[in-house]
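Following this message is one structure expressed as structure tokens.
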């Protein structure tokens, strides 16, 4: 048992250069496993179509068009001119869904990157070093976890809206609330992951292969990166994939509560939010962003699931 | 693990106990109307300052007199409306107004006690002495009223401290006899104030004079009103009126469609088509006394361009306000000419029509031109980009977008910022955007006085400009015109109607010239009733003031 | 063990203090508790100023916090604005058992919260039990039958629900099961509320009205449990010692449910432990949409018309619950995994 577990982690994380040949085969193996996972492939196809939709779509509609209001044409059902109808101020929903999708995905991915980075580092450090570092970090996590996320979200939002500006990023006019929301979501979601990582590290620390590595004088940093981190990869991947979906949904949730991304920038969340009062009549207004959110989150989760199985040889029978 | 199970079983027990606490109450063969309301009052009392709580008072506590749908005054608790003609409004030696109230005989509170002058005298005490309660709208009562004279059990005089033309129309003139003295005076004597008692908040026994009385208040869920046996007016056809709280816009409509509620009010304008689409539901509206407007900050630390009245005027000319009102609120929506109620707009009241050329000319004249080709105008290196705040109401956020486009067409950039009301309306020391002058444009509503031409000293006078010394002043736009303040004070004590009308016109001219308030639309109070179950015509007689909608509830009838 | 518990509880005191200081400071940035009175022409500026002062909002923030902690009956304020302090405060402070009075309702915070807490427990505990039972059951099932048709079907359905914003789940479920079902003449569910205001307040009626809110809450969280349980189970089932157990000839049932489940439960218990305290803080969106007067609705109302005394006790209750649950989680850890030692 000690031997197999000792060898698994080192082979699972390919290091550049030294083990190139071997790592190639690991990746190839993982890719083959991934493509055997039917739902993962379906998820990938779904995500590719969503990405195509939000990128190729920009060839047909400009962002200025997406933000252009026409109050006389408000709440119009789908027509030749507006294939997916118009919203409550007459903006084209198809065009908004295209540009809104880019922002929603951006928010989902960037906030999870922040969340995963902070969560894993704190969990690893706390679990591995123990002692007062652990105590201090876990008290911090406890304090933050003890405050309902919503109060943090809303308080941060109300403090930050005092300095809202429209930024010009890569030639696009974006509301600075996009960046604000990335940080708000990222910084309010890392705590559970840090506890999960810590608890895994606590268990792992007592296992023979770590004790052995320590006994032969391997440095802490190397033990973490070579032995501990790879063993935490499964829960981190599960957490990250679910996290991207959750972040996209949280953005919608914030819009629902009136703290979402501000105009002119569209997101799926702020297209969906005014539609909630018109479910029965203006159905195209919630159905389009709603379906896109579900499709994207679904796809990302399937992919994450597939990746998890693919990277972890132990999970396949 | 065992602890875990114990926790779960404790939870289960809590569930069971919680459900047992809700007893079963059955009722048959009664006419019951369910009214859907989206905001719960914190207390049921005439002390209430929330609009919705005030509206519910009409079921259990009527005023001395009131105004019907056409805004004609009619008596309720008094024998007749005091006027100069019937000799009940007189002048004393000092030339100040004295009003005689003559209560009708035989009126009783809903607990059976007779209603007398002593009750009205208690109301006077509450209105004049701030220490009796801090949670009350007093307007300028204490300053305007000098004394209260009890003549007999049913007759009393109110002596004003000045000539007082608004003796009938002021907010407190008709609400003075709503405090049962026999209940509240002992409370006041025991507690020293009415703010500590649970009388208004506990939901039991609130006593008043109205067709109904409070039967039960189940916080967060419902309020039940039942017939008041001591009511001596028209006997209601409906046995019980139940208020049901529904907090979500879409759910209110759903409950209407599934007939869980019979009536609802204050429906947001964009929701009207939703209700009109329900078969059998009748929808109508009456004008409200609220108007949404763009408020412009005229001084530091607002944008320097707005210090120039020409730029402020240009903003109004750049907006096609009727088109926006038609589009967002609904066809035929009234665009307010000024903060003053429509009944006071004089012939030829000026209005800044949509005129892009004029807006551009004014901006050029003021020296704001696009000198660097950025797309927005600038002057002395400062870009004309304005911070534009509003609350998170959907129709206001939609307005923001349209205004942004209209303004950008004349080279004015805006940053629309919807924010929470607690920040926007915070006072000066809490750094509220409006009161602390920390905004350029703001979009929100304020209520006009429906019946009186007197202004709002707390908002428009120089003395109301918020500062560290005056943190609760609500003049956020820093508009200050001493002539206006003087006129306003004069209006409040000018009896002669013609003389008064002239002063009002002059005040409105000054207000208009200030160009700090650009009205967007007059709000409407929208109602919807289930026409399959109820006689719609009997419901249409809703009041049009701030909260007197349900003043004719006793005339509501089931469908034939 | 007792010593360990005592130590952890003592450690919680500074934690709770940090949480309250943090929240007290943050709430100052949320806005002005009297903002809703500012725009009301009937409420005079003078009355707002008196109210502000008597509520202690004019005191420096640090002093306000001190008053909240130990009371202000030793502190005089100038309520008649004549330049001289004249009136003592009436609060005794949290440490002396006075949890403050709601600005908005003018009632003790304990009463305000006490009135809604049972409602939240009815909804929250039911939804939690449904979620955990179904989540564990489905998760284990899916792990034992990895990649079977049923595994894929369950995964797909739970993912679709998980991928929806809760307000959309709630509003769509009402739209179909209440509005449309009634239109189509099918047995339909009520749109919201805890009972029928027209009369029926029986337990049966409550259960009927629990269906949609519990469905909305469970729909979006079952997937979290299912995925987590499945992932943890797979991790363990495919590990070497299970293979060893299998090699030893233990029955498949015993391997899966005793060895597998016990070891897979560590991360799952973390998740369960983290969720329990937040039953107390309620479900903002669900309670708002279904007109369920619970803690979540109270919370969002207390934020909208800013009511700091209620919000602080609200946060404090959650914090205490979190501390207790984390202690409990750690004890369960030690029981499940003898390799973890506490000293």
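All chains are identified by letter, namely A, B and C, in their written order; residue positions are counted from 1 within each chain.
FYI, contacts are C-beta pairs under 8 Å (C-beta built on N, C-alpha and C of every residue); 3 or more make two chains touch, one makes a residue touch a chain.
Everything numeric in this text was worked out from a predicted model, so none of it was measured.
Trainee: Work out per-chain C-alpha centres and flag the one nearest the whole-protein C-alpha centre.
Mentor: Of all chains shown, the one whose C-alpha centroid lies nearest the global centroid is C.
Trainee: Compute the centre of every chain as the mean of its C-alpha atoms, then state which one is farthest from the centre of chain C.
Mentor: So the farthest one, by centre of C-alpha atoms, is B.
Trainee: More contacting C-beta pairs: A-B or B-C?
Mentor: Most contacts of the two pairs: B-C.
Trainee: What whole-number Å value describes the gap between the mean CA coordinates of chain A and chain C?
Mentor: 23
Trainee: Go ahead and note the Å separation of the Cα centroids belonging to chain B and chain C.
Mentor: Whole-Å distance between the two chain centres: 35.
Trainee: Please compute the C-alpha centroid of chain A, do the same for chain B, then give the distance between them in whole Å.
Mentor: Using C-alpha averages as centres, the distance is 45 Å.
Trainee: Can you list the chain B residues in contact with two or more other chains?
Mentor: 250, 257, 420, 422-423
Trainee: Can you pull out the residues of chain C that are in contact with at least two other chains?
Mentor: Answer for chain C, listing residues that touch two or more other chains: 30-31, 171, 175, 179, 303.
Trainee: If I count partner chains per residue in chain A, which residues reach a count of at least 2?
Mentor: 158, 276, 279-280
Trainee: Once bound in the complex, which stretches of chain A touch chain B?
Mentor: 68-69, 71-72, 74-75, 88-90, 158, 161-162, 164-166, 258-259, 262-264, 274, 276-281
Trainee: For the complex, which residues does chain A have touching chain C?
Mentor: 1, 4-5, 37-39, 135, 139, 142-143, 145-148, 150-151, 154-155, 158-159, 192, 195-196, 199-200, 202-203, 206, 234-235, 238, 242, 245, 249, 252-253, 256-257, 269, 272, 276, 279-280, 286, 290, 293-298, 301-302, 305, 308-309, 312, 314-317
Trainee: Tell me, which parts of chain C touch chain A in their complex?
Mentor: Spelled out, the residues of chain C in touch with chain A are 11, 14-15, 18-19, 22-23, 26-27, 29-31, 146-147, 152, 155-156, 159-160, 162-168, 171-172, 175, 179, 224, 227-228, 231, 234-235, 238-241, 244, 266-267, 270-271, 274, 277-278, 281, 284-285, 299-300, 303, 311, 315, 318-319, 322-323, 326, 333, 337, 339-340.
Trainee: Which residues of chain C touch chain B in the complex?
Mentor: 30-52, 54, 58, 104-107, 115-116, 118-119, 121-122, 125-126, 128-129, 171, 174-175, 178-179, 182, 188, 190-195, 197-203, 206, 276, 279, 288-291, 293, 297, 303-306, 328, 331-332, 335
Trainee: Taking the complex as given, what residues does chain B use to touch chain C?
Mentor: 1, 3-4, 7-8, 11-12, 14-15, 17-27, 32, 34, 42-43, 49-50, 130, 134-140, 171, 195-196, 198, 201, 219-222, 224, 242, 244-248, 250-251, 254-255, 257-258, 260, 420-427, 429-430, 432, 434-435, 444-447, 449, 456, 458-459, 464, 470-474
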